[in-house]
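Next come two complexes built around chain A: one with chain B, the other with chain C.
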Partner chain A sequence: MLSLVSIFLTCLALILIPCLFIFRRPSFPLFLKKIIIFINTTASQYNDEEERYGTIGEKGKRGRMPKHVGIILDGNRRWANKRGLRVSEGHEAGARTVLEHAMDCFAMGINTLSLFAFSTENWGRPDGEVNFLMAMFEKNFKSEMAYFDRYKVKISVIGKRTNMPQSLLGLIHEVEEATKNYKEKHLIMALDYSGRFDILQACKSLAEKTKNGLIQVEDINESMIDKELMTSCSEYPNPDLLIRTSGEQRISNFFLWQSAYTELYFSNVLWPDFGEAEYLKALTWYQQRQRRFGRRV
Partner chain B sequence: MADIIRQPLEQIHGFSRRCLFRVISMGSLPIHMAFIMDGNRRYAKKRGLEDGSGHKAGFSALMSMLQYCYELGIKYVTIYAFSIDNFRRKPEEVQSLMDLMLEKIKSLLDKESIVHGYGIRVYFIGNLALLSDQVRAAAEEVMEATAKNNRVVLLVCVAYNSTDEIVQAVKKSCVNKLVKHSEGRDRDIERIQLVDIEENMQMSVAPDPDILIRSSGETRLSNFLLWQTGNSQLFSPDALWPEIGRRHLVWAILNFQRSHSYLEKKKKQL
Partner chain C sequence: MDFNDLMPLLSFWIGQIGDLGLDLLWRFIHIVVSLWHIVSGIFEAILSNAISLGLIQKYSAIDIEKLRCLAVVVDIEVARDVSKVIDLLQWLKTIGVKQVGLFDSQGLLKKSKDMILEMVPGSMLLQETGEKDISPDRKGIIDIEFISSSDNKEAVVKAANILLEKHLKSNNHPEKDEEGDNVFTESHLNEALRVVGENVRVPDLMLVYGPVRSHLGFPAWRLRYTEIVHMGSLKYMRYGSLLKAIHKFTGVRQNYGV
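Our next item is the complex of A and B:
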């Protein structure tokens, strides 16, 4: 009986497989998706009606909150293509989303927010796009410096920094200096960052220390590497939750060492559309996780 | 069901499976697949079985998965058998896992085992010094016995933590560079490259995994192949490991194929 069902299903799969390649993503009809999102948002609003009169922070603080959230900002170009806009407009929309929602994240009780803004692999993109992105980072650092200073957000930029324009490097140094003493809210921008490079530079630094006799090779252990990684600037270097938007299910060389026990959340929404409802969904999902770290609960 | 009906049905079953695999292999196939076998204990609880039998059911699921992978022509398969963190579980559970592992490792040496059927070369990756002498000896015996096989490769990660693997690789790179530096062969210790760390990793015997499947619906890496899965497709079916089947494997590969051509284009741009 089971074999018959299995054979039937295999034949069905053989017929349906070509259909998967015709449509890039398995998508419900759009109206169905919108209905589901509407139901979810309404349900959450109904549940928290009293708390809606306060800030969103109140809802978030009820359950266990992650201390460090990492986000891979994916989907700007697809968002622009879908709307018939230029790629640069997609990136600008993405930057606006970052600025609009960074403070919401901190209000929910998250201490550290890391954003994968530009990876080392992204240098391979067309020159026009790369130059636009560098100019956009400069513009936003300049215009938002006062804003982050006012709200006491510590800004750190992690990454290689070898190929970045001098003006941007100067601005980064200025912003980091101006905000270095703030403690409760920390925004980490990963620019020209690669997880493997991070581990490599930690290794080089340890090799240098061994050569100078400051440490012995036998003493090298995990916590020593933790201290040498670029995320050691943060009180909570390892993300509890890593969100990747736009439906791709990869880490793409973001935090490799640091995400050993991180809960990975993949959202199909493109980054410029990632808003309050999607954040709450991700955080609710996180609160339901049973984190065992290899042991039994 | 009567045997007369069962046998031809099984043959049709096998035939339809091979047809499906033929169709899938028309597209690009992953070269290396990795599995995190999560959910054995939950499976035993769900079925009301005793504690150890979840792991036994998990082992048979593993054997069928390996058979499907090698039938499809996937050359490297890595499995996360036992993590260094798992040593912190209850001693009885750790002991029963070690006993099961010893039994199964020894069975790999049998003439009828899957190893000889598919010509598998087996590697045991991890901090083997943490294992008991018996298990370590059995593992080394299997590695030696299969060293000449070259058709397909099975990497079993036991007493493994990715952070531990990276620490060992960093230590080895430091030592190598120090030796070269003191011999005057390498002036600049700054010139530790990515390749230096990579060639000292235990997993350097295989390329990076293309797909990582974690069963039981959890989406975390749990300190498995952190360095190597930077660009791997992650897939987390809700099925517990003993319930995992052909359809999850096929679905993972289809999803891989849909983004594969885009990723290859990006790699060429670099």
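Our next item is the complex of A and C:
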């Protein structure tokens, strides 16, 4: 009976799985969510085994999930241009994609999700676009605060913050305070973020500590800089997997210091179209990297 | 055994069957993705062989001037096979690449630099030439820089110490300080990195050879807008794939976030 059921499910899988990769938006969201929940359960089982025994077999590697995933959200403007829409509509579609899929990522067992939403270089874009983006961030923080609080998602915003409107800064502070005690799920929004600035502010912070006698100059080393970086707010500051959408193959000043051994996954899909199938593909790809090349470099 | 006793047992078995089905499903997702990679790999191999044989016209003329600085990251497992690295450098020289930064995390290529420079005709160590000597008239010359992990975070720590001392000095003698309070700017860190002997030039393109799709600790400060292309194993490298990667780079248009 068991074998008959397994055979039936196998045949179903053979028919349905190719559809995942042919159609961008699969019409079986409930089905995929079941897979996601299963992966999460399996991953936590194998992660526990690894912690307990210090080893993990081939089967275990298949279940391993990245603890920290970073995503460079690229392609909103091109998405809008392709459809004859305004750039602002592209950004709104991108924001909807973030909100739709953030919880799916956490359901898969990812602890920290970092999103590169606005870089320091983006201030150079037209004023209208920049003002729209700041207003959109404000609107989304306001509308989604209760949602993240309900699902116990810790929100952190990293970046310079010097040019942001006061109203947005106030909201960011409010959201961070409201969610600071949550631990299982962490959403990091990189706004006005620059990898080079992150390294510089870490050096400056150490300089201040030295000036105040808290540390000695000779004590400064790599791990001290690690602790001063903006990502030190996370339990897993270095991303295991970094995804960039829209086909560009560079990290564009995101997590320069933190990404030394991060697996880089470049997807051709524009960010607003990045859905469940693309996540599954990225995570499957990540797991395959672990399975074949599990040796530490 | 009555119906109430049977229900938990049934639920348990249904759950087990469901889990087994999902496990099989996840295995098949992996099989499908693996098959996809195999098919893509075969296609890539055919295409790169066609490029190597000169059968595809568009790869015969590459605007190499756009590629001023190339970085090559090599996994330590393959960095031991220096002959492959030498072959790669000779191909790059043939294509017309003028400056190459060779990186492996453990510095194995640094240890073999004399042999590499001897085996690649027309190659010079970058430190000897300096940036001012890089001009289009230096035909047939390839400048090679050898980089390892010590040029990454360790170098930034040393540079940070220089800035720190400057900062402490300016606090102790404010009347002598011309720059003001802020010595922690990008240009200051660039200068401090040069003082500790590091090259701060940002590579336009990075080719990663090895099993891992990661830059493996290449100097973080230099990676800001570098195009990163994973080339697969160095052992099975192909001239056609190299040409294709460089050609694709010459067609990329960056907006630098603006």
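The rule we apply is simple: the second predicted complex is superposed on the first by the 227 of 297 C-alpha atoms of A that agree within 3 Å, B and C clash if a C-alpha of one lies under 4 Å from a C-alpha of the other, contacts with A are read in each partner's own complex, and residues count from 1 in each chain.
Rule of thumb we're sticking to: contacts are C-beta pairs under 8 Å (C-beta built on N, C-alpha and C of every residue); 3 or more make two chains touch, one makes a residue touch a chain.
Since we're looking at a predicted model, the values are computed, not measured.
Student: Is A:Arg78 touching anything from chain B or chain C once the two structures are fitted on A? First, second, both or neither.
Tutor: It touches nothing on chain B or chain C.
Student: Of the partners chain B and chain C, which touch A:Asn253 in the superposed model: first, second, both, neither?
Tutor: both
Student: Looking at the overlay, does A:Tyr261 come into contact with chain B only (first), chain C only (second), both, or neither?
Tutor: both
Student: According to the stated criteria, A:Arg86 is in contact with first (chain B), second (chain C), both, or neither; which is it?
Tutor: Neither partner.
Student: With the two complexes superposed on chain A, say which partner A:Lys67 touches: chain B (first), chain C (second), both, or neither.
Tutor: neither
Student: Could you tell me if A:Cys11 is touching chain B, chain C, both of them or neither one (first, second, both, neither)?
Tutor: In the superposition, A:Cys11 contacts chain B only.
Student: Applying the document's definition of touch, where does A:Thr284 land relative to chain B and chain C: first, second, both, or neither?
Tutor: A:Thr284: touches chain C, not chain B.
Student: Identify the partner contact of A:Asn221: answer first if only chain B is touched, second if only chain C is, both if each is, neither if none is.
Tutor: It touches chain B and chain C both.
Student: Pick one for A:Arg161: touches chain B only (first), chain C only (second), both, or neither.
Tutor: Touch partners of A:Arg161: none, neither chain B nor chain C.
Student: After overlaying the two complexes on chain A, where does the chain B footprint on chain A coincide with the chain C footprint?
Tutor: 6, 9-10, 13-14, 17, 20-21, 121, 124-125, 195-196, 199-200, 203-204, 206-207, 210-211, 217, 220-222, 225, 248-253, 256-257, 259-265, 289, 293
Student: Going by the contact rule set out above, which residues of chain C touch chain A in the complex?
Tutor: 17, 19-30, 32-34, 36-37, 75-76, 105, 152-154, 156-157, 160-161, 163-165, 167-168, 171, 184-186, 189, 211-218, 220-221, 223-230, 252, 254, 256-258
Student: Spell out the part of chain A that touches chain C in their complex, as residue ranges.
Tutor: 2, 5-6, 9-10, 13-14, 17-18, 20-21, 34-35, 38-39, 42, 62, 119-122, 124-125, 195-196, 199-201, 203-204, 206-207, 210-211, 217, 220-222, 225, 248-253, 256-257, 259-265, 280-281, 284-285, 287-289, 292-293, 297
Student: In their complex, what parts of chain B are in touch with chain A?
Tutor: It is residues 1, 6, 9-10, 12-13, 16-17, 19-20, 23-24, 41, 83-86, 88-90, 93, 162-164, 166-167, 170-171, 173-175, 177-178, 181, 189-190, 192-194, 197, 218-223, 226-227, 229-235, 247, 250, 254-255, 257-259, 266, 269-270 of chain B that touch chain A.
Student: So in the complex, the part of chain A that touches chain B is made up of which residues?
Tutor: Listed in rising order, the residues of chain A that touch chain B are 1, 3-4, 6-7, 9-11, 13-14, 17, 20-21, 24, 121, 124-125, 195-197, 199-200, 202-204, 206-208, 210-211, 217-218, 220-222, 225, 248-253, 256-257, 259-266, 289, 293-296.
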